[in-house]
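Next come the structures, one after another.
In the two complexes below, chain A is the common chain; its partner is chain B in one and chain C in the other.
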Partner chain A sequence: MSEILTPEEIIKKGELVFKKTKFMTDANLSYCPGCGHGVAHRITMEVIEEMGIGEQTIGVAPVGCSVLAYDFMNIDMQQAAHGRAPAVATGIKRVFPEKYVFTYQGDGDLAAIGTNETIHACNRAENIVIIFINNGIYGMTGGQMAPTTLEGMKSSTSPYGRDVSTMGHPIKITEMVAMLPGVCYATRHAVHKPGLVRKAKKAIRKAFENQRDKKGTSIVEIVSNCNSGWKMTPVDANIWLEENMLPVFPLGDIKG
Partner chain B sequence: MAKVRGAIVVDTERCKGCDLCVVACPTDVIALNTQLNGKGFNPAYPANHDACTGCMSCALVCPDMCITVYRYKPQKEAV
Partner chain C sequence: MEEVKLMKGNEAVAEAAIREGVDGYFGYPITPQSEVIEYLMLEEPHKRTGMVVLQAESEIAAINMVYGAAACGKKAMTSSSSPGISLKQEGISYMAGAELPCLIVNVVRGGPGLGTIQPSQADYFQSVKGGGHGDYKLIVLAPASVQEMSDFVEDAFVLAFKYRNPAMILSDGLIGQMMEKVKLKPQKERLTEKEIREKYDSWATIGKKETRERNIITSLELKSERQEKHNDKLQAKYREIEKNEVRYEKINCENADYLLVAYGSSARICQKTIQLGKEKGINIGLIRPITLWPFPSDVINEAADKVKGILSVELNAGQMVEDVKLAVNGKIKVEHFGRYGGMIHSPDEVLEALEQKIIK
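Up next is the complex of A and B:
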């Protein structure tokens, strides 16, 4: 049988293998074209859909590009002050211990102003999931230098490149918190290639399962691009990410 | 020679023309349309639709969830 089907016939006869999850709203994402936030949102919501915990999950949105995450994620959300998402998530989890609580934060939020809250929430072994999007820059405010900015990387506040003698080295939060006994799972992933998206989704699923089993804090770092902040096209930004970000922030499990 | 065939549907009004699906597609099915959508982007469209295998690579990397993927396995019908 070598019949030639037209795409319309395939759509009619074939099985649906991929569609937008119902836990993402129909609102257009406010992110720049090609931004990794969209994929990170989607895989988080797909995990929640597959685990069937949509009605028991509370997300904490940060300040940063993903400040409007509550518009896109079709679950209960809470907005936190800048960097304070792990503290707010701690409160929510202690009031509703049977709910699933996760925070979704960028590097300017989690690694800069919120370092204190992040480290202490991890140290207290709060039973939450932290999803950490690391793009090495403050995206929303116009591409300023973040703690995770690479050595020599140009940003609007380091126009000659980050000089480590005066500005310090890129901070590796996931490695730092992995040392704490309260953290049960620390891992780093990326979402710029189909295979890596699948791996990142598995990691997020494992993090939520750890929360279900009351194992402690799980942190999933996702190395993402910021093509507007880096002043590149989305495709070039992904190539740059692979060549420059990944050697500094290697992918894989750090703990657990 | 049961060949798995696929088809995609692109929500052109949602698409922001980031080009990531074009790069991700292993069989070069997708291209960017020269016609603009309502937001002024060049949306993706299946230019070479017959080569699609329904592998979902485009949908997995699409940040805006514009792509719906269908797959058809011919041997299923024979059973």
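Up next is the complex of A and C:
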């Protein structure tokens, strides 16, 4: 067993225990404290650094809270119109098949306005990675109902709770695209606990390895909190996520 | 040896794209331009040049694929017809904002809505005044022959890359569908990744080397002060284009008493009207704008000093006539004549309209 050190002892020893990946910029994250985006950004960029593919990777940012992902990800980036990231990524990958291409999208972007682009990119087995942050709400525009908003969940456009008889059901897009032969890997993770962060990072690594091995589309869904959109403290939001989001969006591999 | 072929306008665009060394074509079928993607699929240009041809799930996806490829410094294009071009407007606006070069071919059909599949010039406003949201301009080339459908592919890419701006070939169902003799250009090599890096490394997203900052392709700027500066830059670019890139053709303008202004297929019809006028002793000139934006305003303004009246002849209810009037600035009478909804005026109808609206 390795020696367990106190923080003071670690500082005293001067050993490096954590270093920000060079593929994250020094810009202050624009996300709310407690939001999962920061962690999801970091582990994505750590994978890119660990695989040594930073010079060959092009990322596509969506519309939504992570529209400014290119301010934080220190690689060549494109910003796509709302929902169109998988089409933009298709354009990149088709003319530069040897590059690594990923999209980073929220649930409003990927599972509502971009459903068509998502399904068809997956159906064509576009050899890309889709990182899909599902927090059940439109965060950036101020907490409106998303396609993934839970039944009964309140938002600014479902102020009395989502009534599935008129507003539809929370959509499980990862399960949907997992049915397509073009998708080689569909998996759902969370990043609100250290153990889960490690698992999510492994999944992202696997997704990029699939791209390297030309296996088709990989989609990694990350269930995250939106504490400000949900109008909760970050701690309460994580508890609510476990008790309410995860039963509807269970963690684990769906395919591959 | 010179290669000459008998081709449809739509086929000529497709063949010209392969020979231009285009890297990616992304399209979606719609009448009357489906021959573009059909020709490309049949021709298998990936075997000839490595060019990618992809049928997208929608026009929206197609233009966004063009966005992705263009942002890598690649030559990318799409084609469609009016309803499909409406769908592409979001992507076109983003590309104008992000300053991405590309080619969009619009083989116009009559509208509004689903309209008709017959030729029309009713998309003039949409093409030259922006089309999507925001203050922006497309470089718009209007071919009047199958030869120009072919030639303008190269011209459009030259201009698009020179100014990092989307360029459009604004054709219609007549030019797209008709067959004419075409002199084909020699095959150009597609650029290698190394060549793209040498030319476009300052902006293209090709992968960030340690030696440079990351490249970001975006049309977003949340700080209004900076967004205004970005708009200033775009506007300055548009003024440059207006200064340098106006193209037009003058036919029979010396000693003309009356002037027709017409582009594309309407200009072809008007050439016959000039002959018919001669037979009746009416001396008619024609100015054919080749670039619809930038518009040949100065040329029309100067020409207005020497004629008694101008008829803007268009396959629409009166769109370019507004730009002709702005160019003439009240000096002489300017009227519009046109048929629309897929109907095409005859040379006689144009002469009759000139006599009734201008000469009488």
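The rule is simple: the second predicted complex is superposed on the first by the 244 of 256 C-alpha atoms of A that agree within 3 Å, B and C clash if a C-alpha of one lies under 4 Å from a C-alpha of the other, contacts with A are read in each partner's own complex, and residues count from 1 in each chain.
Note that a residue touches a chain if its C-beta (ideal position, glycine included) is under 8 Å from a C-beta of that chain, and two chains touch if they have at least 3 such contacts.
Small disclaimer: the values here were computed from a predicted structure and weren't measured.
K.L.:
Which holds for A:T90: it touches chain B only (first), chain C only (second), both, or neither?
P.N.:
second
K.L.:
After lining up the shared chain so the two structures overlap, which partner does A:K193 touch, if you call chain B first and chain C second: first, second, both or neither?
P.N.:
The first partner, chain B, only.
K.L.:
Does the superposition put A:G38 against chain B (first), chain C (second), both, or neither?
P.N.:
Only chain B is touched by A:G38; chain C is not.
K.L.:
Let me test your reading of the model: by the given contact rule, A:R162 touches which partner, first (chain B), second (chain C), both or neither?
P.N.:
In the superposed model, A:R162 contacts neither chain B nor chain C.
K.L.:
Between chain B and chain C, whom does A:K172 touch in the aligned arrangement: first, second, both, or neither?
P.N.:
Neither partner.
K.L.:
After superposition on the shared chain, which partner residues are touched by A:P7: those of chain B (first), chain C (second), both, or neither?
P.N.:
A:P7 contacts chain B only, not chain C.
K.L.:
Of the partners chain B and chain C, which touch A:R205 in the superposed model: first, second, both, neither?
P.N.:
neither
K.L.:
Please work out whether A:Y70 is in contact with chain B alone, chain C alone, both, or neither, and reply first, second, both or neither.
P.N.:
It touches chain C, and chain B stays clear.
K.L.:
Touching A:E15 in the superposition: chain B (first), chain C (second), both, neither?
P.N.:
So A:E15 only meets chain B here.
K.L.:
Please report the chain A residues shared by its interface with chain B and its interface with chain C.
P.N.:
In chain A, no position sits in both the chain B and chain C interfaces.
K.L.:
Where on chain C is chain A touching in the complex?
P.N.:
Of all residues in chain C, those touching chain A are 23-24, 26, 52, 54, 56-58, 60-62, 64-72, 74, 76, 90-91, 94, 98, 193, 205-210, 214-220, 222.
K.L.:
Please give the residue numbers of chain A that touch chain C in the complex, ascending.
P.N.:
Of all residues in chain A, those touching chain C are 54-58, 60-61, 67-68, 70, 73-81, 84, 87-96, 99, 116-117, 119-120.
K.L.:
What does chain A use to touch chain B in their complex?
P.N.:
Touch residues, chain A against chain B: 1-5, 7-11, 13-21, 24, 28-29, 31-39, 42, 191-194, 197-198, 233-235, 238.
K.L.:
Under the stated contact criterion, what part of chain B meets chain A in this complex?
P.N.:
Listed in rising order, the residues are 1-2, 5-7, 9, 14, 16-20, 23-24, 41, 46, 49-50, 52, 54-57, 59-65, 67-74, 77-78.
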